[in-house]
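The same chain A turns up in both complexes below, where it pairs with chain B and then with chain C.
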Partner chain A sequence: MADMVKLFVNGVEVEVEAGKNLIDAIGAVGIEIPHLCYHPALGADGNCRMCLVGIEDGRPPLVPACKTPAMAGMKVLLDAEHIRKIQRDVMELELINHPTDCPVCDQAGECRLQDYYMSYDRRQSRMTVPQVVKGKKMAFGCGVVHDQERCVLCGRCVRFCRQITKTGELGIINRSDDARVNIFPGRPLHNRYALNVVDLCPVGAMTSADFRFQQRVWFLKKSPGVCHGCARGCSITVDHNREKEQEARIYRLRPRHNPLVNGYFICDSGRMSYKAEEEGRLNEARHGRLARSVDQALLAVAEDLAQGGKITFILSPDSSLEQMVTIRALAEKLGATLSGFSDGWIIPGDGDDFLIRDDKAANRAGLELLGIDCSRTGFTAAVEAADLVVNCNNDLGRSLSAEELGQLFQSRRLISFASHRREIDNQAEIVIPVASWSEYAGSVINCQGILQHFPRAVVRNQPPMELVELIARLGSPLQSEADCWQELARLPGLPADPATIPTEGLQLNDNEAAHDQP
Partner chain B sequence: MSDRSELISTGKPFSFDKKRDAAFEQLSKRYPTRESLILPALWLTQEQEGWVCQEAIAYIADRIGTFASKVYEAATFYTMYHLRPTGRYHICVCRTLSCWLRGKQEIVDYLRNELSLTPGMVSEDGRYSLEEVECLGHCGSAPVVQLNGEFHEDMDVEKLKALLASLQ
Partner chain C sequence: MEEVKILSAKFAIKDAHKLKVAKKHGAYATLDKLFAMAPVDVIDEVKRSGLRGRGGAGFPAGVKWGFLPKDTGKPVYLAVNSDESEPATFKDRYILVKDPHLLIEGIIICSYAIGSHDTYIYIRGEYTTQVKALQAAIDEAYKAGYLGDKVAGQDYRIDVTVHRGAGAYVCGEETALLESIEGKKGQPRAKPPFPAVAGLYGCPTIINNVQSIASLPYILDKGADAYRAYGTEKSSGTHLFGISGHVERPGMYELPLGLPLLEVIDTIAGGVWKGRKLKGVIPGGSSTPVLLPEEAKTVTLDYESMAAHKTMFGSGGIVVLDETVDIVALVKNLIDFYHHESCGQCTPCREGLGWMLKLIKKILRGEGSPADIDLLRELCDNIEMKTVCVLSAACTMPVRSYLDKFRPEFEAYVTKTNASPAGLQQE
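The block that comes next holds the complex of A and B.
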């Protein structure tokens, strides 16, 4: 724990973390200091003047809270008429040239300017002069669309591109009331984290071409999730909604602050990975050439498993720990072999030194922890020795060519549980659709050995069966989530109850995966 | 001040001539960081070409090793850099508070109505160009007009007429 100090806010004593600036320190105990330009990941810039507070110790009358560290005994004054006047004046300044087009603005509902107007301003505009006209819907590249008129010139996007991605595409050009954010002609946004500027923008100046006009934010249900785009496992918020008489769908993914894993950001490909949850999904169970209900298809699978013979289960490195341990228990009961072969998930050289990893699997560390063989030789041997192969949602097409797969499964019976339509499943005798990661609750371990648990986010109109339930119905000894965790708790460092995993995740120290690729 | 974000592209690659190249290298030894070279490099460009084109900004950024957006920021912030060719007589009228209160608008209106000058533009005959600029630092003798870099203080329309009449 950090050192705590006692200080006074409006004469009331509060205990806050020492060393932090006043916005963060006092914000942590629930007292808001309004601010536009300050962001914890980008540092204090001090340009918006919205966070001015009084310190009653002989300093200048007002100081920016973002640049003032919390110290013991400090007397912070927030609730005073001269400070409220500053806040009103700053709001008035910001709103002089603001188009106030909230009814058509995507940011409405999560806009600092809107919120602060209601909390700190609430006055009629006194402006009678024409507003400065600037650029609208400017395509900045990477799917970022900019509206210069809505901008409050806080410079967060500019600082993000200079400090975090170090690509510096954005700048504030001109000066005074003509100042605006722009790219240099011919050098648009070109980095793999560009869409974070949309989240960083406190107003509706930066919008995502993908999300624009799709949904009012107050209709969105916000579920915590873990990105399954790569082995980093960034904490995300899944924003989804079911419109009247429609299918529930995901509208966007946003980073969820997690100091252990991803800080405040996620990469653009992770952000766009929600599209894979919506497109190319497998919707219908099939036995032979005939469409079947899931129950009928499951009965057929159970019969096949009961026939005996050599069985191989193939696991996906994206599966949750619960799914893996349930499948492992069933395999042990049936005397079947297991393989987590997924070499194709690893794209050497694709990762960077920030968030993106070479390994595109969300839970390879889980496979390793459960002792499931992932080698190609192990996979080939297991499949070649098997009479029946059960593929539990592993997209083998990523690791092997269609030709290799064709040869491998030519004379072998294949059963597929799949969330998406895949080429390989055309060769399967029985195919059953299963839930994808946004539709089930589960736990994954990332490349740093951090265990995260996520709840179910989206409930479809006809929810696909979850893999754990499906395997349980095929006779796995682990019949419930509690059973799974009883089994998982035997592993070093894992708790017996997923509810005890903190929201930012649990660091598993004994996990070798923490030391894999840089 | 008008919007200076529209840069003019010449379509031709830009580089310093021999003299400016040597001057640039000499300057680079003087500053602790290379980003300090942005303003002097813009001056060198303007000295060489009379104005600063889009290609020159990209060239300066790459030569210094900084982001083009940073050079773009500096070039559009300071009105002393001409982002388009100027007229033979370049007139800057200060538009900041003291000059505004002391009647800069009458001067701008005169230039606009009598000489058909638009801030940011060059007259058709190429004789004049006009720019409304931010504070020139002569607030004590506002309003102030700068003609080809030379200051003329305590201006009004009559003095301006006399000044323009004295030109060749």
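The block that comes next holds the complex of A and C.
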């Protein structure tokens, strides 16, 4: 617990964390100090001048809150008339050269300028002279599109590229109101986190080419999620919406602040991974060559399983703990073997020292925790010994070539539960579509041994069946999510109720669950 | 009323910028005395002399040196501010060209006093003649052993590096100057921390103006009391004044502080030229609020009197305005300069000065309204002191003074009774 100090805001005593800057310290007790350039991940710069506050009996009497540490006994003035006037005046100056093109601006609805105008300004413009004309729709690379006219030159994007990615592609060139954020000629953004500048930008100056003009943000439903792009499992927000008479659709993924996992950021490939939720999906169940309803297909699977013989279940390292534990339970009941083979998900050398990991699987730690064999030899032996192989949404094509797969399943019966259309499933006798991660609730353990739970985000018009339900229908002893958790709670460190997992996740005991790659 | 020759003692001597000539006239004569003293005694002497920073703000030099933290384990840097970018200011350039060894001697004194071994002289980029003269003098001083590993044979190292600016006014602001020396974009830093605690490369740094440093040899040689014999109680010593504008004899004059401004203009500079009437006086560089003739009559050339007249002593750049001056055009020129020189970091200065410029141009074109004048006046208040540095105030303080003192001239423009052709030409 950090040291707390008592200070006064507008004459009211509050207790805040000592040493934190005033924006964060006072913000923690719910009092907003307006600011544009300060961002907790990038530190204080002090250029926007929106956070100027009065310090009663202080020297100097006017200070930028972002650069002023909270100290005991400090008398902070926020609602004094002279401070309100400064906020109004700075807002006026921010806006005189702003195009105020909110109706066509993607940021509208989540724009600091809009919000602060409503909170601190609310006056008619007094600008009677021509505005400064600047560059529009400038392609900065990595799918970032810049609008210099909307820019308030807070420099967050510039500081992000200098401090976080250390690539320094962006700079503020020129002085005075000729100052512009720009790239160096011929040297566009070139880093794997570039799209974070779109989130960082407090206004609509940095937009994503992918999201531009796709959706007004106030229509988006914002669901917490966990990125399934790699073993980091970054906390994200899934922004989705169902337009009238249309299919529900994910429009974008954004980082969700999580100090334990990803801080304020996610990588670009994780951010764009929502496209995989939309494209190449398997929509129809099939038995042999004939399309079947899911119920019909399930009946056929149940019959096959009941016939006995040697059965092998293949699990996906992306599956949730709930899915894994129920498949394990069914396999135990049937005397079947299990394999989580997924070597191809690991791309050696692809990771970095920030967020991106070599392992592209979201829950490999879960497989390990449940004691499921992931080795290639175990996989080959299990498949070769089996009469029937049930693939529970493992994209085997990532680990084995088409030839290898063809050979392996030539003389073996294959049943596939798949979220996406995959080559290997052409060889399957029965194929049933299942939900992908944005369509179910579940829990995963990341590379740091942090357990996160995420709720269901998207509900499609024809929701594909969730694996937990599907396996329950096939006779798993675990008939519900609650059953799954009863079983999971027997593992060391895991709670009995996923609702008790904090939003930032639960750090499991390193010895048990962590599998930090070197 | 007479000029004095302390800083300018060798200005009239031919080739005084050369070491041989300078030495003959007393250059580096104080060094034996210096190294016999303890550094703390040097600081005390300078404190007692009452020497105030000659860059414009007038902060007591010795007190500033006292802010250096002790025993940080970090090097202490001396940065000499030779940016001299304030319009109407032309004093340091004389020292750089005519007596650079005076500056170097001052650097040795200051370095020894504050325990610094590395000096950076930040010189404005446009000073090509001056930088050549200064570098030549430094080279001579190195060769003669006044700089380098053993200064004047003592076990004390001083290295001096000349760093040329690239033409930004704001780099005369001490922290922007440090940023520029570090190779970054010249933008002022937020204070605290002050440079004395964390300056150049994060180390304790003292930044002094050329003229402040050049005053040190005299103080050390003749003593604080001799220096205090010039000037007033609180504004001691002499100052190089650059008198320009509508006077008969413009030029640089060294005068003790405390003389009456109008008398200086009339006797030293020969009075307003062509027998015209005085309209106003800019007392110390373009950023100081203007004085009306009646104010010029009562004000004296020292920090206290200027403050009492709601203006500033500034840099000693006195500009005399005769009755023909179009104040509106002057203000446009003024805003144009500060707008161009704003570093663009802080919102109020970056956006506000551009707005002010467009407003004054509109007024000057005869397209303005009384509301525009009011807005211009209000913007001065809205922008001033809301920024990291005082560049915005350097624009708004004088502009406010012109608006308040010459309001009818602005009104004449918006009521179109006086669309001055001179003003339109300026536009």
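By our rule, the second predicted complex is superposed on the first by the 512 of 518 C-alpha atoms of A that agree within 3 Å, B and C clash if a C-alpha of one lies under 4 Å from a C-alpha of the other, contacts with A are read in each partner's own complex, and residues count from 1 in each chain.
Basically, contacts are C-beta pairs under 8 Å (C-beta built on N, C-alpha and C of every residue); 3 or more make two chains touch, one makes a residue touch a chain.
All of these numbers come straight from a predicted model, not from anything done at the bench.
Steric overlap between chain B and chain C is present once the structures are superposed on chain A.
By the touch criterion stated above, A:Glu466 is placed in contact with neither chain B nor chain C. In the superposition on chain A, A:Asp178 makes contact with both chain B and chain C.
By the touch criterion defined above, A:Glu169 reaches chain B but does not reach chain C. Put chain B and chain C next to each other and count what each touches on chain A; the higher total goes to C. Using the contact criterion defined above for the overlaid structures, shared-chain residue A:Leu153 touches chain C, although it does not reach chain B. Contact with chain C, but none with chain B, is seen for A:Leu93 once the two complexes are overlaid on the shared chain.
In the superposed pair of complexes, A:Glu487 makes contact with neither chain B nor chain C. Of the two partner chains placed by superposition, A:Asp395 touches none, neither chain B nor chain C.
One listed stretch of chain B collides with chain C once both complexes sit on chain A; from 7-15, 61-69, 97-105 or 115-123, that stretch is 97-105. When the two complexes are superposed on chain A, the residues of chain A that touch both chain B and chain C are 172, 174-176, 178.
Interface residues of chain B, counted against chain A in their complex, comprise 1-5, 7, 9, 54, 57-58, 61, 66-73, 76-77, 134. Residue ranges on chain C touching chain A, taken from their complex, read 168, 170, 185, 190, 339-348, 350-355, 358-359, 361-362, 372, 375, 382-383, 385-388. For chain A in complex with chain B, the touching residues are 134, 158, 161-162, 167-176, 178, 180, 182-187. Of all residues in chain A, only 46-50, 52, 62, 64, 67, 86, 89-90, 92-94, 96-97, 126-130, 132, 152-153, 172, 174-179 touch chain C in the complex they form.
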